[in-house]
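In the two assemblies presented below, chain A is common to both, partnered first by chain B and then by chain C.
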Partner chain A sequence: MSTSPSHTVMTTMSAPAGQRRPRFGSRGRLEPYLLIAPTVLLVAGLMVVPVVIVIVYSLFNNVVTNQNPQFVGLTNYFTILSDSSFWNAAGNTAVFTVASVVIHMVIGVAFALMLNSKLVHTLPRSIFRAVYVLPWIFTASVVAVLWRLLLDPSGVVNFLLESLGVLHHAVPWLGTPATALLAVTLINIWSGYPFFMISLLAGLQGVPADLYEAARVDGAGLARQFVSVTLPALRPILFSMALLDLLWTTQQFTLIWATTGGGPIDHTEVLSTYTYKLAFNGYQFSLASTSAVLILLASLIVAIFYVRQQRKESQ
Partner chain B sequence: MLAAAATVSAAALALTGCSGGSTNSDADQKVTLTFSQWWAPEMPSGALQKIADDFHKAHPNITVKLISAPFASLQTQTISQAASGTLPDVVGLDGSWVNPLYKQGALYNLSDAMKAAKYDDSDLASQVAFKGSTYMIPVVNFVYPLFTNDAILAKAGIAAPPKTWSEFTDDAKKISQSNADAKGWVVPLGTTNPNGVQNDILSWAWASGGSMLANGQPKLTNNPDVTGAVNMVKDLVNSNAVLPGANSLQETDKVTNFVNGRVGMMIDSLAHVTTITKGAPDLKFSVSAQPVKDGYTGTKGMLTASWGIGISAKTQHAAQAWQFIQYLMSKDTNSKLSTLANGFPGNKTSKPDFTGADAHFQSAFDIYQKSKPVNEFTGLPAADQLMTSFLTEFQKSVAGQESTATMLQNVQGQWKKQF
Partner chain C sequence: MSTVMRPRARRGLARVLIYLALLVGALFAGFPVLWMLSSSFKSNANIFAYPPALIDGSFSFQPYLDVLTDPVKIGYFVNSYIVALCVVVITLVIALLAAYVFSRYEFRFKSIIRVVIIGVQAVPPITLLIPFFGIMVGLHLYNTYQGLVLTYVVFTLPYAIIMMTAYFDSLPRELDEAARVDGAGSLSVLWRILVPVSIPGMVSVGLYTFMISWNEYLFALTLTQTDDRRTVPVGIQLLMGQNNYLWNQVMAMSILGSVPVLVLFLIFQRYFIGGLAAGAVKS
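The block that comes next holds the complex of A and B.
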């Protein structure tokens, strides 16, 4: 056959240099740039331009509503950073985010272990998997409506707690300053854990059975197997997921807006609702942009960790 | 980022033809006007389109293209479109948006349009003006009377709806004490949509001829009407005479709980009569004027919210846009529009058609004609922000963190910064 490997190599080797495709001609130089141009334009249009506009806005006094905004340098940053409401929102965001991420992780691991366990039969396991993933299917607005009904003073949660004797009077969970942040955090935990669960389940299914077998031979019990085999195997996934969840939860808006609007008083005010109110309640777009830039900087730090982690894993 | 993202999305809308669809500025040429509003989703299906089509029949050179969106999303859309200079030719406006849009220079001076068209504005019930020029015209007004559940009131031994603040307070407490399943009143104090301030707190002062302003500036301190209204609402919340969880309730929760028989009284939009009768066909309820301060004998104020209209400053077809507004404000069209919207006309000579309508509309119209329509937040700067700061301080006051006087002083300080 004329298409044997040796023949092909010979033909390629013997081709005259003048007939090769030019690599450094004008067309050759432009080609890679043309190929990446659509992506660059898309990223620039959808991400770089808005971000730059926001940064520019943050350096002017009340843009958008002011027809002749003046350059004010870092004044808006001093205003926002000296606003006690900003720090209150930052504190609430930290509590809301850290509690959500940690509990997402714990519940995600627990449910993933259960769904991966051979102790549970295939059929119930499939049913559980479908049921456990349900909260993640609902949009934030649906979750908010659902939980507003459940946590209503005449809702199911209060009815159950009163029936069990845990409460003597119904509690407006979302309307009481002392319980509102706890309530929205619980709702966020409920709606977000399936993402952890599904990803960790995929990770668990990739852990070689030999490792568990070897651990058992060495006399490791279930707890030891979890600590010495399961957790190290899941660590890269856990780390990446935690960082992603940290970014997403910090930016949670719809859920809080639709349940409490940042109230009562300002007990559930988070950075996203604080920024939204500056922009669309107060029409202070420069201050809103400043707050957005500060959130962006905080998110960037997390994003850098995430990228580093991804790079380390790929190596 | 929000603003920029909104601006970019507004620009994208413009590129996809959602704005600025006009073809030529010549009066003899065919022109397409874009009209953004939240009215169509709140009217019977196709009703607003029919009005736009009728206008086209009367003015064959002008076509009106409706851009419809729910109220909540249209607010942010309108502000960002104004920022990017892509506002539709004709814009549906709420009283709380008009000030920032005016400041942006995004609205056309309607006084100029009226002058150019030699329009006699004496039939207009009201106009929203800045520095002597009109920028918004209320097309349809929605009134907020007192709704009372007849059965719940009767069970509490109350013969007729309350007429004064003290009667209202007593009745709300009586209902809450005599009925384990219902509370006297529902007051939404949630900040997602902070209009509980105008609908359920300050409306009490306005109904009794009071005002929260003096010479265009906030006047909340040393104001007996405002202080009285705040104290009354606070007393009812603290004495457990209102539906629990007020701090997270929204306007829609009022109707839901009224329909479900969980509250005896509510101040709500008359437009919700249809929702109530559909939700609970057997529910017997009455509509009456909002109770007034004891001893008040002057003209009663009646809270209104409006579907307002304006023209984009960037429109190339101001004359045609005004022709459309003039058509909407004409006697017959305005009657038709207000009937379809379950509201009251913005043209003083128009009359809604109550034929076959629920009897409550006629009762409310009778009250409306004897009252003075009022909503002091219309046209104020950053009205939502003013209401949010009022609610936040009010919640602190209810929680016992500050007195009514301190609360009003704090709100006054915050409002002054906005003015």
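The block that comes next holds the complex of A and C.
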């Protein structure tokens, strides 16, 4: 390849964008590899290798704690998949995740539509938007302590519900088997909807105004406009956000760990806390790795859907 | 006349309803935060006073003073800042180099590397936790800043690369080709030509990176052991673990721990929302 600068410019200018690139001699050919090397080293060493390690761990017994682990094939998978605690955790994860994602979506759409409404004046709009984004500022660790304070038996939520006559006596929401999963789900809903809302707001601003105009001319009411203009325009964002949220919520650890620790007993145990306890409370690293691989598989399935969706959208 | 009034009246009613709904939503979103703020100024004895009040006789800055004069708690903040700032700088540098290559070069393995970088984002943290524990102990990076920094760099790198590549792709190629003609090397083109016009993208990626590092809990919990390496999210939980909950100090520390993200958010709101929304939909 020529290294003459003028030739370089010619090649690029005449080549269709994004197809052919100039090369810069032998040093030039090495250069991309040098520049990408830190990334490749880090991602390979601390992402790819650990994933391989955890898969290998899942096929052996007595890993980490013992010098000589024994290969046991898929035995650990049979152990985990026949463990009722695993299925309890999987069930809780499913309830927690599906409820969170659906309600995130509903609240996200509702708040975004309200904030985007022409009926709301500019100043209140910015104030409301700022308030609505607030939960997003706080990390899970902070959200957890805040809601432990709010939901305490002598806390303000119980006080309000008692004052309104909804409750006759205080309920320890996070400590009662019947309400604990509901409570952690509520907390997750509170902390997660702003991300939906923000993306939907950006999406709403991208809906051409003349679409609404045309719908109005055709005699469509607000509800009809929402169904035939707004929803179709937001559908790709909604779908992507829902899949991302699904991915993140199934992986939620901190919020559960710092509010209930999976309790009372195992009523809020999710797959991540179950796995963590196997590893760092029970030192059963082989079984924990097996559970971690199963979580990975579930995540990959969601991720594949996500990537497919992205492909479809970009075509 | 009535046919003119009716839509206007309906509009008025709709406006009232929307404001009512907005207020209910604001209560849901804002009240918990207001209560956190209020509790952070109370004496611990008054935290669960009956009936509860937003501001009561015990109002003072004492909880904040208690947090800010405790060397251990100050240490949590120092650790969080050190780790987060290191991660931002290192992630940005590595991501810029990678994004530059992805945007401006063709080379073998390019598409494989790209697929892997996109793919690893789907790996759940809990899956990586067990091997990471072993690796960090093996590398003697357990309970060190370097261990946490390395961990967060790897976590934030894929998103940073994807975003910066998209940013560079949006810049006209003629920009750096012109510098090439003048004989500038790749790094010099990157540094002198591309970086200065990519500040908005870098700010957005930097903020994201800072937030992830500042907020991370699971690995901070597992990969550190002593107070002199604990970060704020773990420190807050340690405060909760003691026998007598010092609720007011926990709330004060939570507020203080959220201030950096709040401030960054307020200053860079535009970059933040635009970048995040774009990232969520594109990455």
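Note that the second predicted complex is superposed on the first by the 277 of 315 C-alpha atoms of A that agree within 3 Å, B and C clash if a C-alpha of one lies under 4 Å from a C-alpha of the other, contacts with A are read in each partner's own complex, and residues count from 1 in each chain.
Throughout what follows, a residue touches a chain if its C-beta (ideal position, glycine included) is under 8 Å from a C-beta of that chain, and two chains touch if they have at least 3 such contacts.
Since we're looking at a predicted model, the values are computed, not measured.
When the two complexes are overlaid on chain A, chain B and chain C occupy overlapping space and clash. Look at A:Ala94: by the touch rule set out above, it reaches neither chain B nor chain C. When the two structures are aligned on the shared chain, A:Val64 is found in touch with chain B and with chain C.
In the superposition on chain A, A:Val227 makes contact with neither chain B nor chain C. Once chain A of one complex is fitted onto chain A of the other, the partner contacts of A:Leu296 extend to both chain B and chain C. With both structures placed on the common chain, the touch criterion links A:Thr260 to chain B but leaves chain C unconnected. In the superposition on chain A, A:Ser141 makes contact with chain C only, not with chain B. In the superposed pair of complexes, A:Thr39 makes contact with chain C only, with no contact to chain B. Using the contact criterion defined above for the overlaid structures, shared-chain residue A:Pro172 touches chain B, although it does not reach chain C. Legend: residue contacts after superposition of the two complexes on their common chain; A:Phe285 is shown touching both chain B and chain C.
Of the two partners, chain B and chain C, it is C that touches more residues of chain A.
Only one of the stretches 239-247, 257-265 or 275-283 belonging to chain C overlaps chain B in the superposed arrangement, and that stretch is 239-247. Across the two superposed structures, the residue set of chain A contacted by chain B and also by chain C is 46, 49-51, 53-54, 57, 64, 148, 152, 154, 257-258, 275-276, 279-280, 285, 288-289, 292-293, 295-296. Residues of chain A that touch chain C in their complex: 5-6, 8-9, 12-13, 17-18, 20-22, 24, 29, 31-33, 35-36, 38-40, 42-43, 46-51, 53-54, 57, 64, 107, 110-111, 114-115, 117, 119-120, 124, 128, 131-135, 137-142, 144-150, 152, 154-156, 159, 190, 194-195, 198-199, 201-203, 236-237, 240-241, 244, 247, 250-251, 253-254, 257-258, 271-272, 275-276, 279-280, 285, 288-289, 292-293, 295-296, 299-300, 302-303, 306-307, 310. Per the touch definition, chain A reaches chain B in the complex via residues 45-46, 49-51, 53-54, 57, 63-67, 148, 152-154, 170, 172, 174-177, 180, 257-266, 275-277, 279-283, 285, 288-289, 292-293, 295-296. Of all residues in chain C, those touching chain A in their complex are 11, 14-15, 18-19, 21-22, 25-26, 28-30, 32-33, 35-36, 39, 47-48, 50-52, 94-95, 97-98, 100-102, 104-107, 110, 113, 116-135, 150-151, 153-154, 157-158, 161, 169, 173-174, 177, 180-181, 183, 186, 214-215, 217-218, 222, 232-234, 236-237, 240, 247, 250-251, 254, 257-258, 261-262, 265, 273-274, 276-277, 280-282. Touching chain A in their complex are the following residues of chain B: 1-5, 7-8, 75-76, 79, 82-83, 100, 103-105, 189-194, 243-249, 262, 381-382, 384-385, 388, 391-392, 395-396, 399, 401, 418.
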